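Order of writing sets the chain letters: A, B, C and D. Residues in each chain are counted from 1.
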Amino acid sequence: MMGLSKHKEEQMQHVLSRSLAVLALTVASVTTAGIASSQTATAPGATVEGDTIVFGQTAAQSGPQAPIGASKWGLEAFIASVNANGGVAGKKLRLISYDDGYQPAQTTALDKKLVYEDRVFAIVGSIGSPTTAAVYKALNEEHVPLLSMGSGSPIFYEPGLKYVFPSWPIYTTDGETMGNYVKKHFPGQAAAVIYQDDGFGKPILAGIKKSLGKVDLEIPYVPSQVDFSSAVIKLKSSGIKVVMLATIATSGAQILNQMDSLSYHPTRILTSSACGYGGIFGAIKSLEGTYCTAFLPPPGSSDPQWVEFANAMQKYGQGHPPDIYAAWGWLAGQVAYAGLEKIKGPITRDALVAQLETLRNFDTIAGKINYSPERHEGSCCQLLWQAKGGKWEIVPDSQFNGSAMK
Amino acid sequence: MQRRLVIAILVACAVLPIAFQALGQRQVYWLFVISEFYVFAIVAISLDLLMGRSGQISLGQSGFVALGAYTAAILNQRFNVDLPLGMLAGAATAAVASLVLGFPATRLRGHYLGIVTLGFGIAIDQIALKWDALTGGDQGIHLHRPALFGVDAGTPVRMYYVALVALVVAVLLVRGLTQTRIGRAFAAIKDSEVAAAAMGVPVARTKVLAFIVSAFLAGAAGGIYAFLAGFVAPEDFGIESSLLFFAMVVIGGMGSIPGAIGGAVVVDAVKNAAATVSGLSLALLGGMIVLVVLFFPGGLKGLLRTRRIRRERRPAPKGVVRQDA
Amino acid sequence: MTQFLLQIALAGLAQGSLFALTALGLVMIYNASSVVNFAHGAMGMAATYVAYVLIARFEVPFALAFAAALVAAFVLGAVVQAVFLARLRNAPLLSQVVVTLGLFMLLEGLMGIAFGYNPRPMRESIAIAPVILGDLVLRPQDVLQLALLLILGVALAAFFAATKVGLGMRAITENTYAARLMGIPVGRLLAIAWGTGVALSAVAAVLAAPTTSVTPNMMDTIVVYGFVAAIVGGFGSMAGALVGGLILGVVVNLIDAFLAPELAMSIVFGLLLLVLYVRPDGLFGRAQVQKV
Amino acid sequence: MLEARGVTVRFGGLVAVNALDLDVPDRGIFALVGPNGAGKTTLINALSRVCPVAGGTVRLGDVDVLSLPPHAAVSAGIARSFQRAELFPSLTVLENLLVGLHSTMQTGLSGALMTPASRTEEQAARARAERVLRDLDLWEVRNAAPADMPYGHQKLLDVARALVSEPALLLLDEPFAGLTEAEAPRLLACIRAAGERCAVLMIEHHFELLEGIAQRMTVMDFGQKVSEGTPASMRTDPEVIRCYLGTGRHRTAAASAC
C-alpha cells in the first residue's frame, strides 16, 4: 500500500520530466533545422500586384480615447471619393482599419497583422502618439511606409526615418504659434501654461517658452484628472491674465468650465487637438473669445478644401459629421494619394517614398505639404482661430511659420 | 488519459511553428499573437496563485507586470542587458515592490487589499508616465533585439519558444509549489486563517509570501513581454489590463492552473472578437464573471469536470442542535 | 495667500463632499452586507445617464431628472442585491466581491455600447451666478454639494437611530443569523440598504456630471477616492466616511495646488499605506475582534 | 506537563476566563466540563494562542506558552481541534493532514523546484499522514474533498489533523458534538489511543462517555474553576449538580465562544 503512493509520485515526476524532454527536443530540432533563422526582416507586399492598393490604419474606436477614432471615417470618405473618380494609377484604394483602444500593445500586434497577415501596402493615418511610438521604429526597419500619423510628437520628425512621413506641424509649432501671438498682442501680461505631462503637452510647453522667453506659471496634469478647481484657483490668485492650454479635448473643456464657474476670465488659448470636435460650443459655456491653434480650416469654413471634404463626408461618411477628427483622416488620405499619383511604373514602397520626398507645395486640407529626402517635416505652419458667435473664425495676423523648409 | 492530453497539447505547441511555415510570412503575426498569449497566461497563473490559491484579491496585477517590463526595458536600453537577466531582474523588482504592499496587506481586512492593490496599479501607471527621464514617459522605451546568452533571439520563431518555455516552467513551478508545504499553507489560509494558524502556519508571513511569489511571476512575465513586443509604454499596464487578468482567473475557475490558462484563452478570444464595438468586450467579460460566480462557481475548470460530484454539502451551520446539550 | 488657501479649502470641501457621498453609500452597503461594492461608481454612473437622457432628450427640469436618477439608482441597487447578492449569501466573501467587480465591467461596457465614450455635457444643477466676497468666489454648485452632504448625513443618522428599518439594519449588522431568527425581514432590509447606498452614489455622480461630463468612466476617479475615504474613516462608520471624504477632498486639492497634480492619486495611496501601517482600522475605525 | 496559573481572558468588559489555574499531566485524558458560556472554549483558545490573554502564565515543560505567536503553539507541542470541524475545503483529506504537519517540515519555496531534499521530506510526511489515515480508516477517502464526507468523518479528520503532528498536548473542543451513535466509537478509540501517548484535554458534555475514558475532570462556570476530580467523584459533587446538570439559574444560549 505504501508503494502505491510512491508509485504515483514517481509516475508524476516521470510525466513531468518526459514532457520537458519532449519540449526540449522539439525546440532543439526545430532550431537546429535552421527554420528559426529563415525569418528575415523584409515585410511582404512591397510591390502592389493586384488591382487594389490596401492601406492599414489603427485608431481607438473603444475606450476613453474613442472620439479621436472618428479619423477613420474621414479616411474612408477620401478613399471612396478617389475610387469614385477612377482610383489612382489605375488601381482602387481600400482601407483596413483596426481598433487599438489607444493601447500600444494592441497597436504592436495589430500592425503585425496589417503588415504580415493583411499585407497592406502602407500604414496611413494611424492615430495617437504612444500607439504610433510603439510601432514606428519597427515599421521603418521593415521598410513599411508610415504616413500622416495623428500626432505631432517630435520623435517622428527625427532625421533618418526614411519610411516615416508626418504631416502635422510638429507640436512645438503649436506652442510657438501661441507664444508668438501672446508676445505680439498681450505684451507684458502674466501668462501661464496648463499642459498635459507627456509627449504631447511637453513639446507644446517647450514651443511656448521658446517664443515667449518665459512663462509665469506652469501647471502639469494627467488626462485622468477631472477636477481642476485648485489649478484654476492658483491661476486666478496669481493674477494670470493669459492662459495657454496644452490639453486634450476633455481636459480643456473641464478647465474652461471651471474658470467660468470661478468667475475667472483670462485670455485663453487652446491647442488644435482640443477644439475641433463638433459639440464644443455645447460643452463649454464660455467659449466666446477663446483662441485655438489650428492647421486645418475651421469647421463649416468656405475654404475650398474644407468644402470638398465636407461634401465627401456627406456622401461617403456613413453619417459621421465633418469634424476635425475626420479631417485628420482626410489629410492622411491626401498625403498618401499625393505620393501614389506621381509614381510612374510599378507601385512599390520605395517608389512611394521616392515620390513623397519630391513633394513640393502640395495642396491639402492642412495647407501646403513639402517633403525632401533630408526632411520629412511636411507641414510648417499654424494660425489661430477665435470663437465668435458660436463658431470659429480665423484670426488675422496670427499665422506662424514653423521650422519647415522654405 | 489527462496526462496524455497534456503531453499532446505540449507537443502540438512545440511543433506549431513548423505547421505555420505553410502560412509563409503570415506566421510572423500569428506566432507573435500566440507568444503574447503565453506571456499573458503566465500572468493569469501568477494571479491565480494569489487569488485562487491563497484567497487574496489583487486588482493591480498589471502593476507588477509593468515593473517587470520596465526593469527589463531600462536595463536593456542602458546596459544592453539581455533576456534572461532582464527577466530575472524584472521579476526581482516586482517581488521587492510586493513586499512594500504585502506587509500592510497582511494587517488589512480582506477587501482593503483589493482597494490597495487597485491604487498600486494606478500609481505605477502615473509614476511611469511622470518619471520620463527613466521611463520615456508616454513615448515608452524601445528595446534592442533580444538575445539569449549571446545568441540572437529576435526572430518570431525563437521568441515563440522563449515564451512557450517560460510558460511551461511557470506551470511546473506553480504546480510544484501547490503540491508541497507552502502551497498547502496558501490554501489553508484562504480556507480558514484561524485553523491554519492553529496548524502552525504563520498567517501573515505566508500571505506576504504568496504576494511575493505572485509578483515575482508577474514581473518575470513582464520582462519577457518587454522583449517580445520590443516596446513598453504606460498605457499597456492600466486598470483595464488588470481587470482582464482578473477576468481570466475568475472565468477559468479559481485555484486551478489549467483553469487560469483556459480563462486566458477565453478572455483573449472575447477581447479580439468583440473589439469592433466600443464597450462590448468589457460588457461581455463582466457578464461572464457575474454568470460564473452565480451559476458555475468552478468556472471553466468546473464545467469541464462534470463527472465529479458537486460539492454542495456544507458543514452544519452555527447554532444547529447538538447531540446532547 | 490666506485668500488662496481659503479658496483651495473651499474647493477641496466641495470635491470632498462628492467623495464623502460615495463613501457613505459604500459604508451603508458594507455595514448591511459586509460586501465592498466595486460596482458602486458604475451604478451611480448608470443612474446619471437616466438624468442625462431626461434632460437632453426630453428637456425635463433638472430637479425632476435628478429625482428620477435617484429612483433609478435605488431600484438598481435593490435589484442587484435581490437578484445577485442574495444568491451568494452563503458563498465566500471573495465571490461576493468578485460579482460586484463583474457588475462594474458589465455596467461600464453596456453604457459604452449604448452611448459611446464621447463625453456628453451636463448642465449645471443650479443656474445662479457665483457669489463673490472680496477675492473669494462662492460657487452655488459647491454650496449645493456641501449642503446635500450634510442634510443627507443627518437624515441617515436620524433614520438609523429612530426608525424601525434603521434598527433592523443595525441588528443585521450585528448578527444576520440572529436577526433572521428574530423575524426581521433581512432580505427586504438588505435591498433597502443597497438601494439607499447606490442612490447616494448617484447623488455624487449627478452632482459631479457638470464637471466630469457624462461618460461611462466618469465615476472611476471619484469612486476610488470614495474607497480611500471609507477606509480612512474606518469602513463601517458613517461619520468616519463623511469626515474622511471631506479631509481627502482638501488633501487632494492641496496636492494639486502645491505638489504634483499628475501624481495626486499615487500620493494619496502612499499616504493611505502609511495610515494603514499605523492604524490598520483607519483613522476613525475600531479594531475588530476575530470570531472563531 | 502543562501548568496554567491565573489565566485571565477579557472581551471588553466581559471576563470570559477569570484567574484560572490548571494542571495537566504528561499522559492521559482530561476533561473540561461546564455549562454554555462557562469559558471552556475560550480557555482552549487561550491555550492554543488563538485569542489574546489578559493575564496569567502558561508553561508547557520549559516553554512559556503565552509568549509564543499563535502559529508557534504547534511546534511547542500544542495542537487542537475545533468545535465545528474547521477543515480546509479546497484541499483533499490527505492534504488537510499534511497541513497539520506544517510546523514539522522545513520545505519552503524550494518545493516549487522539487529539490531532492524537499521531495524526501514530502514523501516522509505523506507516509506519516497516510499511516494516520489508515489507522482511522480514512484511507479510502484520502483524495476526496472533506465536504463530501459525512459530518462524523469530518470531525474525525479534524482530530486526526491535530494528532498527526504528535503533540505533547492535544486540545479537543467537543469532538463528539454532532456525531451519530454509529460514528462515535471510532473517534473514541482514536482519542483513547492518543491518551496513551500524550495529554488530551477535551471539552465534553456527555457524562457517561467521560466516565469511560477521562482520568480527571475540571468543572468550570463563569470563567472560573468550580471543582476538580475523577468523573466518579464529580457525579456526587453538589457544585457540579447545581451548575452543570442544570438545576440552577437560566442561561442565555447566545453566549458566544470567543
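One rule holds for everything that comes next: a residue touches a chain if its C-beta (ideal position, glycine included) is under 8 Å from a C-beta of that chain, and two chains touch if they have at least 3 such contacts.
Being a predicted model, the structure only gives us computed values, none of them experimental.
Pairs A-B and A-C differ in how many C-beta pairs touch across them, and the larger number is found at A-B.
For chain A, the chain whose average C-alpha position is most distant is D.
When chain centres are taken as C-alpha averages, the shortest distance to the whole-protein C-alpha average belongs to B.
Computed from the mean C-alpha positions, the centre of chain A lies at a distance of 32 Å from the centre of chain B. Chain A and chain C have Cα centroids separated by 37 Å. Averaged Cα coordinates give chain A a centre that lies 69 Å from the centre of chain D. With centres taken as mean Cα positions, chain D sits 46 Å from chain C. Residue positions of chain D with contacts to 2 or more other chains are 50, 82, 114. Looking at chain C, one finds that residues 112, 116-117, 220, 260, 262, 265, 292 touch two or more other chains.
With touch defined as above, residues shared between interfaces to two or more other chains in chain B number as follows: 126, 129-130, 194, 277-281, 314, 318. Only residues 35-36, 38, 84, 87-88, 90-95, 97-99, 101-113, 116-117, 177, 216, 220, 224, 227-228, 231, 235, 260, 262-263, 265-266, 268-270, 272-273, 276-277, 280, 288, 290, 292 of chain C touch chain B when the two sit together in their complex.
Within the complex, the chain B residues that touch chain C are 51, 55, 57, 59, 100-101, 103-104, 107-112, 114-116, 118-120, 122-123, 126-127, 129-130, 193-194, 239, 243, 246-247, 250, 254, 277-290, 292-294, 297, 314, 317-319. Put simply, chain A touches chain C in their complex at residues 62-67, 197, 219-222, 224-227, 229-231, 233-234, 236-237, 249-250, 253-254, 257-258, 261-264, 279, 282-283. Across the complex, chain C meets chain A through its residues 3-4, 7-8, 11-12, 14-15, 112, 116-119, 121, 124, 129-130, 132, 135, 137, 139, 141, 208, 210-213, 215, 217-218, 220-222, 252-254, 256-257, 260-262, 264-265.
Every residue of chain D that touches chain B in the complex is listed here, in rising order: 48-50, 69-75, 79-80, 82, 84-91, 95, 98-100, 102-103, 105, 107-109, 111-114, 118, 122, 125, 145, 147-148, 151, 154, 161-162, 165, 174, 176-180, 205-206.
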